[in-house]
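Report on the following structure.
We just call them A, B and C in the order they show up, numbering each chain from 1.
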């Protein structure tokens, strides 16, 4: 449907305070270095044989598919976290599975949950898991804060 | 903007239990045979003269536009349903209208509601309705369950 | 990733009553003249040097990226508003920032808030603001009403 399926992906995350919930969320995306891209939210599967790459700068305004978790809070002192995980199948012809999760709580807990979600999802498909990778970030709210974690699908030569 | 507008569409639905709300939702999409695609949520109109086709397997990881209804619940015994409907106009140069609806309740009721929503939407545009098609699914929650119904826009020769 | 980044944008808004929340929302998009397009929700940045154009008719069923605010209510007499703002940077090589906001309340208040959100977002990036543009709409609910405001990214010769 779209002419091309992206051939690589990277993990990124960030957190921020902001003037409003939306600004805190925007700030967290700026910290994650995707604040100038236009993220298109996906359901989300990882295309087979998508290469894992280092986060790279995205051209400003570019439309880029992403699976992401985002949370914001205005309760001073509250700890919020966002995480994403990818379960990679042993069979390279199959899609990987991306899961995202955000909640109040510490990042270790949120990341453990989202890793398990990705693992269970691949099992549901009857696929053996080769590896699980994940990223997470936590934020202690001062006034209004947000946390953001993403897997970005991207295209590289 | 995107190089090509999809030329066909199909209906699909599914329901599932899962380890978490997200996993149940993922499972429902797997049952609906779109669990390995990357659904891009639309607002959503049906391109004029889009052909209705049988559900077809989607390449893993592919980005595919879709209008969908999704609901999950963790209340044992609760009945949840998701439905989508398309109102096709008599005038083939006009877009059809896709509506989606999900709620607690039985599928007959949810499907009747979403069909009426699509019909009313086409009337609002001053267009005569040629036909309404719909699909729905219901799920009785055991521990954590989800229901999912979609119209998938796709491209075929 | 997508072959082409849209080269222009326009502002639009609308409000409507409807048979359900979804129909009211659909009606508001029809009033805004994007009721037959498939809006893909963005995060959202404005591509550098994107030209501001007059609202133009979109081909039915077309997939079009958009940043939008939407709200609906079924409380008779309630006033709801939706607004979007773009902060344009002085530096033409940088992306602009689109913010959206919707809430109960009058449009003057909602539009002032969303303008400030866009301004703060550009400041966060260390960019000088050249100009802020915005649009907003308000609706007094009769039975079920909705308000919708958007920046549509589009491609023109």
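By definition in this document, contacts are C-beta pairs under 8 Å (C-beta built on N, C-alpha and C of every residue); 3 or more make two chains touch, one makes a residue touch a chain.
Predicted model only: the values in this text are computed from it and were never measured.
J.: Expressed in ° and rounded to a multiple of 5, what is the rotation angle of the C-alpha superposition of chain B on chain C?
T.: 120
J.: Over half of interface residue numbers shared between chain A and chain B means same, under half means different, so which is it?
T.: Mostly different residues: under half of the interface numbers shared.
J.: In whole angstrom, what separates the CA-based centres of chain A and chain B?
T.: The mean C-alpha positions of chain A and chain B differ by 25 Å.
J.: Where in chain A do residues touch at least two different other chains?
T.: Correct list: 2-3, 40-41, 65, 153.
J.: Give every residue of chain C touching chain B within the complex, in rising order.
T.: 2-4, 6, 18-20, 22-23, 26-27, 29-30, 35-41, 59-65, 153-155
J.: Applying the document's contact rule, which stretches of chain C touch chain A when the two form their complex?
T.: Spelled out, the residues of chain C in touch with chain A are 1-3, 5, 40-48, 50, 65, 93-97, 99-101, 113, 116-117, 120-121, 124-125, 153.
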